[in-house]
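In the two assemblies presented below, chain A is common to both, partnered first by chain B and then by chain C.
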Partner chain A sequence: MITDWEMRRSELSHDCIQNSFIGVIRGVEGNLMAERLADPFNLEAVKEIAKRWALWSNFAEDLFTSAIHELSPQKTFSFWPLSNCPPDTKYWLIPVVVEFWKIRTKIEHKLSEAQQKKDSLNAVVDEIDRFLATTKELNAENVGSYSVLVENLKQAAIEFQMSLARLSVRYIAL
Partner chain B sequence: MKTAIVDMTNPQRGLLIARRIKDSGSETWLLCDNKGWYFFEHNDEYKKHGKPPTEWDLAIIHKTDEDKSRFIPIGDIAHTLYYCGGMPPQDDIKEEPFYIQCRAVEDEKSVPSLHELQAVVAFYQELKKSKNPDKPSLLCPPPSLAMASSLNILCQGYISAYLAMGNETTTEIPHEESWKQWQNSTSSLGNKKEWYDRYQAVISKEWWLEPLGGSKRIEEIINKIKEEETQSGLKGVAEKFRKILKKTDVRYDDVIELYKILAKRGSRDN
Partner chain C sequence: MKPPKILIIDDLLGKEGNNLEREAFCRVNGLMPIREGKAAAGIDKCVALATFVSGQKIVSNSVENDLEGTIRKIKDGWNESERWSLLLLDLHFKTGEFSILGSPEGRLTDRSPESYFGLQILNAISSDASLSDLPIVLLSSMDRTQIEERLASLGALGFVEKNDLDAKKLADLIDLYGLLEDEKVIGRSLPLLKCLREARTKSRIGNRNILITGESGTGKELFGRYIFENSLRFGRGERFNTVFLSGVPESLVDDLIFGHEKGAFFGAFDERPGVAETANQGTVFFDEIGDIPAIVQGKLLRLLDENIRETRRIGGRSSIIVDIMILLATERLEILQDEKLFRSSLVSRMNFGSRIHLPPLRERKDDILLLAKHFLQKLGIKKDFSQGAIQWLKSYHWPRNVRELELLISGIILSTPDLNVITEIQFDLARKDDFRSKQEKEDVSLRGSSQALSQSPKSESLDDLLEFLQSFDFHLVPAGRLEGLLPYLRLATAKMLANYLKVSFSLKKQLTNTIRFMENDPDMTTLKAASTILDIVEIAGKENQEKLLEDDIISEIVSKALKNRKRKTIRSKLKPPRNGLTNDSSSSKG
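This part shows the complex of A and B:
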């Protein structure tokens, strides 16, 4: 069964980070490599995704906070047929399978890794924000440092997306 | 049947789908960049072609590219089928446009097979004649696997009680390392007496049958499991479960045989 949590994870990973975030950064990288410094896209598009990141970051936070509750096998006992288990079976079987699930899937480790990657991405977005706040146009003097920031942003986004991929239900299902 | 494929995000994925749709006997055109339409001319070669049809029987579109394709008009489309690189909608879609709902189509491995696409083409051909033909499995959300998940949990309950009693594993067990780690938690999850009582419970057939519907409904339960194993590809579950129920007490080796099949699902990369 694909849970609502998995759909939200997939939306964040695929639609927001891969298609929007990384897609925009690749476009900017292409421009910088071709020395199209005057294209307003270079600054505007990054400004826009940095703004959107604030929303996505909160979205990610909610996702991480709810992960164990939403994904744990405990939920299975609310639905047929395990909802028919007598209370004295549920009393011990639920904590046993939840504990085993946590060990087998390493869910807590994966969540903490994803949180770390999110924090790293936050830090790079903050740096980019500071650069954009003081830069009106790209020129030969500032393009070098901007290119480094854009590359760091891409790497941080890719690593965050990879940590989200490790939380896919394919890897943490019962 | 004239079919348009639109995928500007991942042209290779679009090309693979287009090839398979062409192989299923459809006249197939591909829109995968801003340069225009491609058409299969000889065997597997596809060439730029200036004049695509203006009317399509079917357009298979990567959902994210729906807006991008406005720069190159597609024309009139009789039926639209969407696919997503991320998770597709999971509700039961009863009206067009349909989605490939069975899975995300994110890379070459998840592109539908020729067989699956043949079923899709046949479905849309049938849709011209009747209003409600059966949707092929590719266009349906994945099965619930309620039975398989429940049996997996019951197996885990049995194995837990067996190991907590101090018994040793005499046969290869899926997730062996995790079970070894889990054994360190047994004392926090119950004392010796509790684990003994639990073990006595799990070796009884009634413990397994009660949540599934009770011993009077064994055949019905087995048939339900069989139905799900066909959908999920977990072949052999019903047969192994029947074996468990044949003996007076439920035996460890039989439970492990069943658990081996069930643990295949969701065990990648763990």
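This part shows the complex of A and C:
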């Protein structure tokens, strides 16, 4: 059964980060390698994904905040047969089960890692934003530093996506 | 050369061909996006022109798959004048209402391999006969292990991960699976494009012998060159060598291919290498391998060995190992399959598995007009074809294929240089002239030798003629030309039969034997033979009989037939003479 949380994680990871974010950066990289500096896509596309990132970043934040509640076994106490458990047992059993689950899945470590990768990506996006705010076109002088920024952006996006992959239900269950 | 056109069906809804992800995909893979039928600027050296189609539509704020619309869009670019070279098809299409992130939320069924929308599209394509030749490669990173066999059985040629693709890989993919035109081989019909793809694929499989079959005039040598130019050997700067075996005296074939040592035979004053040696590090194209004499077949066996190719000169003591690609062509496959004429070991080395069969021109209807225009251009002539001429070109059965088309065009240009528009009448006249001159040549050769008939390589054109006569479609003839046609048809039929009679008579010399030969009837009698001859003359109709009898040989045959009949009739007191044919009319010619 794929949970709603898992669907949202997958959407962020696959549609937004892999297909859009990394896909667009690969397009820009292809242009830079082929020295197609005049193509407006080089700056406009990155500007657009940096803008979209603001939305995706908030979405990721919500996802991380709700992760333990949505993924841990505490939900199973709402359904039969554990729903029959007496309230005084539930009172102590649920926190114990959740704690064990957290230890076994290392979920907190994974969430903190994902958070860290998101922050790193944020930092590179900020840097790119600053570059784009002062750059009207690419030329021989600025293309070197832009290429480095684009490469950093791709690397940060890949690492963030990998941290999201480690939060997938299939991965956590292992 | 014009880049190929590919179609990409994905689930990226948006303005067709104009969204960020697609734009990026184009830049990564060297694609030029097509927007509203025009190529967009941006990519200088592009691998292909790309048309993006979303397989989906929005129905009251929800994204839904659109199978009917998708198939319609595929068909729009798959017709006589344009064809997709390749279809890249996504597997997983997300449906449902838009999420906060802007893409469809997705439903559980979207993710299930059994219900992938890409699979449904593939199913629909495979069950539509008009799309059966569309080359499809799946472009997806989704799990397909459960359905991989099914995808292949539905016609998917390959799979590629979207994020693994780049311009080089895509170019290789299109080259391997795509239907590609080539500027040196005029045409864009499906049979031709499939044949070119087969040639490209086979040209790259190691050092295998490739057998090219096809009717006369289909361009076997041109294809040989195409195979060579697509092989790795061409990239290494190697040469293409052609060996024409047709008409070469048996004794010279051995020398031509293998060469000789000094003093190997009377007249061998110097050593001379054969083609097998001079073509080393290159490609040899043997034209009409069916003509290879039996005495050379054993020697050729070693040269056709794909592992170690050996050649030995006449009178030579040792063999030389050569590195060549061998292409073999024939229009008479049945000869190669005849064990009496061809060593089976040689045939097995010819690699029937690596055979490429060239389609005849009548199966390449979409190419005929293109070729006709090409031949005009080659002659530096600017002319148009009337609608009637275009129809004629498509309905004619082209027994001698592209070569015949080229000859007809040049014949028309020579005979009617001042006409700006070529009509069906010019084609009719040119074909008759061409047929007549060919017939005359055959008559001369037949008169010269009684063995000629059995040796004639043109027996298949006779089959074509019979088929053509029986299936000629009078619906295609303008109504005005049908009026009063019968006398001409009768004369043409009678003349054709009379020509057959003349040739047979030149072989058998005696009337009854001639008709016995023609009808293959051992019980033929003098009276029956005479009646048959007179029947042929009667087919011409009264008004045409004189024209037919202008031919001295026919006149002589008819005269003899009449005499025979009269003699036999008197003897047996049978029928009176036939109407319109009297001893007087024939004797006046005789």
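Everything below uses one rule, namely that the second predicted complex is superposed on the first by the 170 of 174 C-alpha atoms of A that agree within 3 Å, B and C clash if a C-alpha of one lies under 4 Å from a C-alpha of the other, contacts with A are read in each partner's own complex, and residues count from 1 in each chain.
Convention: contacts are C-beta pairs under 8 Å (C-beta built on N, C-alpha and C of every residue); 3 or more make two chains touch, one makes a residue touch a chain.
Keep in mind that what you see is a predicted model, and the values were worked out from it rather than measured.
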Overlay on chain A: chain C relative to chain B, clash or fit: clash
Contacts of A:F79 with chain B and chain C, given as first, second, both or neither: first
Which superposed partner A:F64 touches (first chain B, second chain C, both, neither): neither
Touching partner for A:E48 - first (chain B), second (chain C), both, neither: second
Contacts of A:G27 with chain B and chain C, given as first, second, both or neither: second
First (chain B), second (chain C), both or neither touched by A:I103: first
Which superposed partner A:R36 touches (first chain B, second chain C, both, neither): second
Which of chain B and chain C A:N19 touches, first, second, both or neither: both
Partner chain(s) touched by A:W56 [first = chain B, second = chain C, both, neither]: second
Touching both chain C and chain B, counted on chain A across the two superposed complexes: 2, 7, 10-11, 15, 18-19
Chain A-facing residues of chain C, complex: 20-21, 23-28, 30, 42-44, 94, 99-101, 103, 105-106, 108, 111, 162-163, 166-167
Touching residues on chain B, where the partner in the complex is chain A: 9, 64, 84-87, 90, 104, 106, 141-142, 144-147, 149-150, 152-153, 156-157, 160, 175, 178-179, 181-182, 185, 189-190, 194, 198, 201, 207, 210-213, 265-266, 268-270
Residue numbers on chain A that touch chain B, as the complex places them: 1-2, 6-7, 10-11, 13-15, 18-19, 73, 76, 79-86, 89, 92-93, 95-97, 99-100, 103-106, 166, 169-174
Complex contact set, residues of chain A against chain C: 2, 7-8, 10-12, 15-16, 18-20, 22-31, 34, 36, 39, 41, 45, 48-49, 55-56, 59
